[in-house]
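In what follows, chain A forms one complex with chain B and a second complex with chain C.
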Partner chain A sequence: REWERERERDRTVRVWGREGEWGTGKPGPDREDMGREERDAHGAGRALSPVSPHRPCPCPVPGSGWACRAVLADGHQRTVRRVAWSPCGQFLASASFDGTTCVWRRHEHGFEVVATLEGHENEVKSVAWAPSGSLLATCSRDKSVWVWEVDEEEQEFECVSVLSAHSQDVKHVVWHPSQELLASASYDDTVRLYREDEDDWVCCATLEGHTSTVWAVAWERSGQRLVSCSDDRTLCVWQRSQGHGAGSEHSWQCVCTLSGYHGRSIYDVAWCHLTGAVATACGDDAVRVFEEVSPVSP
Partner chain B sequence: MAARFSGVLQLTDLDDFIAPSQECIKPVKVDKKPGKAAAKIRIEADGSYFQVNQDGEAQKLEKAKITLNDCLACSGCITSAESVLVSQQSHGELCKVLALNKAAAAHEQKLVVVSVSPQSRASLAARCKLGLLETAQKLTTFLKGLGKCVHHVFDTTFSRNFSLLESQQEFVRRFQRQAEDKKALPMLASACPGWICYAEKTHGSFIIPHISTTKSPQQVMGSLVKGYFAEQQHLPPDRIYHVTVMPCYDKKLEASRPDFFNQEYQTRDVDCVITTGEVLKLLEQEGVSLSDVDPSPLDTMLGRAAEELSSHRGGGSGGFLEHIFTHAARQLFGIQGASIHYRPLKNKDFQEVTLERDGQVLLHFALAYGFRNIQNLVQKLKRGKCPYHYVEVMACPSGCLNGGGQIKLEGESSKEELQQVERLYESLRAEMPEENQAVRELYEHWLGGWGSERALQVLHTQYHAVERASSALSIKW
Partner chain C sequence: CDCALLGSTGRLTKLCFCTARFHGEGYQEGLAEGSHAGMAEGRRHGALHGARMGSEIGCYLGFALTWHCLLQKCTDPKSSKKLRALDSLIAMIQKFPYEDPTYDKLQEDLEKIRGKFKQVCSMLNIQSDFRLGNERSSLTF
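Let's look at the complex of A and B:
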């Protein structure tokens, strides 16, 4: 099929902007106004540029008003699997099946590579920036999750921890909205959480419940809950509860399982930080939106 | 049995997915003789294969065999079936070998030598709540009682003297030729097989020139036992069965390297490696509590009974950084007794040491333990931003005392146990390798003198970059 051939040839990252708006986005906009990212069938990342904070989040009319502003070629040798903007909007990270993660810096006339993060044994599946912007997480089919620290002046990235908690391919990593707490989703049917402990990172929780690959995870804005989507066609909502006694670890419980709605594997999930709605991407060709129904008071 | 290779080795090419393009390529690497036409294959009732050529001649085909070495050196099929990797060397295997040896005819019986590492000894001492000397003496009795045919028990602290001396010399030589040879420095430690296997597979020809050619204490012991000791016993090397007790599983892989196989006598320098944990299993199997065992006098290779144990300073991974540092300070800059202050960097497994004079940095050394620090070091090297002259690289966080084969408690108390092991290890008197009388004698009388051709040949080794078999990996979203 045509799109497949395109994917094999195309190892680029494309950056799109609203027509006429290039360069007007102010640095450091509110999170609600941050560009969202999508993966398209071409395997290239499509990152939308940040929008001015004074305008409401636009809903572009399909096909109109967007132009490809930059094509970032020569960064990767194989499929680009995920892209992520840094919280400040000045950097873009791209994770590739070639085993590397490129970090691009944005400047007036385009983007340039400031660092290539090597070390994973094989395909890198996901990359994510911590809310502080000083940490980056990557995960790979080599079953490991790596945490990298950003050195702003040197524009260098050093590996701070290599976490081999999962027993299989790790599909997705995503940071807590405000804390340095990391979540990962894996082919081993679990979600794991990690945090810093003294001079290293440790896996502080394992969320078990899914019966097949967990494809993605999304945090609720408060950071008290997260939702995971799986190959087993269900969504699980997990809630953080206070540990018993001072200084003990939080524990996470599955408080809701949404099953029977999806006909096939659920590949992605997003939890809107404005409305609280949860959207899913499913292999049955549908996008679904879920809303939390308030419990009826007794 | 779950083998716990160092994290560095585990991350290298381990995967349970064997896609069609990733099948074992070893059987394919058979010497193919050009033939005129395609041969037919006939399968006999007993499962053996015969190749039948045009004239009807049948030739029995050899079964493809995969050994531990093949797996190590190849990146074709990737499997984490750990039972395959370590079944050749385990305490179970050792017991079998000893039993066979006991039952063998007198002229076929092998002399069994066990070399115990000081890290393993410290771990056992901590677990059995004994002092180090007691542990060594009781362990000697226990090991000699195994299968009733273990004849000598040595301490690899002895062979470590050679590794330290050779490393010191090698560093000075490299430092002196750094102007002509861009790859001379930094010199990277070679005692850790987890690091070596990783370096060969992942960074290959880029990093190999930097790795010290000095053999590890385990392999120096192998050369001494199958060389010097065999001669003293008037035995050929293949009539000695050499077992070592080590703090990790990676040492099993080191012992099976082709470079440490004696072609002439078809024997390995180290035949079997068992871990500290496996010794504990042996004790449990025999229903023996180490504290109840009577002590025996300690053996030494030169035949004199050892009165006490000794060690080397510089931490639980051999002390390479400290010995090379003080020796280089003396040889290169005339500074006697240079003091060593460790400066921790990003984490406690990454530390720096410098030698300064009049505000100028003369030597810049570092310790890099654990995978994340090895990663950062290698990346710095690749970008030409590595400021060090020497780095003591070890695969395990906290070094060899925390190796994957050591006896460990789970959870919180594991930190305390490690500290106890470290305290025990450091409690011994440290000696200077240069001052060991037996070492000097061996250099003079068996190695042909200090810095000789023979010393270089016996105490040094080489490394081989591993080609990655390029296979079309099926993309898994």
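Let's look at the complex of A and C:
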């Protein structure tokens, strides 16, 4: 199954599914948890219509085969900046400019809030689930990265660390594909890595090289490399190398800088775990796909 | 002074040397006064910021010790986790080098203490920027 979700300025979270699924075949079954909803006329302005909880979702089908399954309103008071599905698919986390991160649990007839993670002093910019599903990370304009432990049975979330390693707004957090290693990207032009060390989390590496805000980071499937994209219009590929001596920290080197391809800031980057291709989202209205070229043998 | 090169019209030479001397003396006086004022301002600045830092850390310590007392008798796993975090915060504060303003990791350690305090507040479900009721001076740092 493929699901998509959309975050909008109307402060709601929407969940989309392929038509005909979710057992009903109707584009929008009744949802008890739907309070207010907004008619979605893309780009043409919105009309607020207070709605009784049992009215079906009137959202138009946005493209062939997809329908809006749920509108999760009343979770946030400001822009919802990012959403992330848990690895098990049962939970959805939404990070908002209102300073909170909501965790929604999926059940048969919709979604309900199971936790509201508070603590950040201002806008939360990103949220990410660790591949194990037992950790969650959030980051904010307050320059900090928070790591939360998930207790799935109790559906409780406990803060295990507040990391203030960055000197500016933190834009993005993303977990290593297989290890409990966290990466963050910031307005301070650096990427930082964090891991657990004796009951507490520490910043174990700082990747410097970009000359402006780093907007996002993506890990290669193997976890040996990561790519970062920046306001400085370049992509940097970083490689992990074994530290010297037993038990020492890995170090990270920039092994490749892709410059001259992007005309404006690069806002997002994704590294495909199937093909190894790297895709970028750029302010010059283009999407680019990069592939690694094997070095020519002498 | 270039005037000295012009030869021995005594008065002109003396005038040049005078100018140079007063210039030099003026500079020395200014330097002394500036240094003195700078020291005084530096001391005030240091005292103010030192007091603020002490006040902030002192607040965290009092908070942590109090909660430690309150939770001490609890044996359930959740309270144990909270106690461990409180112990960690207390240890960080006690380890902090109050006597050494030249400690190179001063700001870094201070940030770690603040971070640990925020984490503990989150675990205890307390707002980390507590304000004391209607008082004008709120306990924010």
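Basically, the second predicted complex is superposed on the first by the 249 of 298 C-alpha atoms of A that agree within 3 Å, B and C clash if a C-alpha of one lies under 4 Å from a C-alpha of the other, contacts with A are read in each partner's own complex, and residues count from 1 in each chain.
To be clear about the criterion, a residue touches a chain if its C-beta (ideal position, glycine included) is under 8 Å from a C-beta of that chain, and two chains touch if they have at least 3 such contacts.
These numbers were taken from a predicted model, which means no experiment stands behind them.
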Simultaneous placement of chain C and chain B on chain A, clash or fit: clash
Which superposed partner A:Arg141 touches (first chain B, second chain C, both, neither): first
Which of chain B and chain C A:Gln77 touches, first, second, both or neither: neither
Which superposed partner A:Ser132 touches (first chain B, second chain C, both, neither): neither
Which superposed partner A:Gln155 touches (first chain B, second chain C, both, neither): neither
First (chain B), second (chain C), both or neither touched by A:Phe97: first
First, second, both or neither for A:Ser164, with chain B first and chain C second: both
Which superposed partner A:Asn122 touches (first chain B, second chain C, both, neither): first
Which partner, chain B or chain C, touches more chain A residues: B
Touched partner set for A:Asp199, first chain B, second chain C, both or neither: both
Superposition clash, chain B against chain C - the stretch among 25-33, 187-195 or 223-231 that is involved: 187-195
Chain B/chain C common contact set on chain A: 118-119, 121, 144, 158-162, 164, 199-200
Complex contacts: residues of chain A adjacent to chain B: 79, 81, 97, 118-119, 121-123, 141-142, 144, 149, 158-162, 164, 168-169, 199-200
Contacting residues of chain B [partner chain A, same complex]: 7, 10-16, 346-348, 371-372, 375-376, 379, 397, 473, 475-477
List of chain C residues in touch with chain A within their complex: 81, 84, 88, 111-112, 114-116, 118-119, 121-123, 128-129
Interfacial residue positions of chain A with respect to chain C in the complex: 118-119, 121, 144, 158-164, 199-200
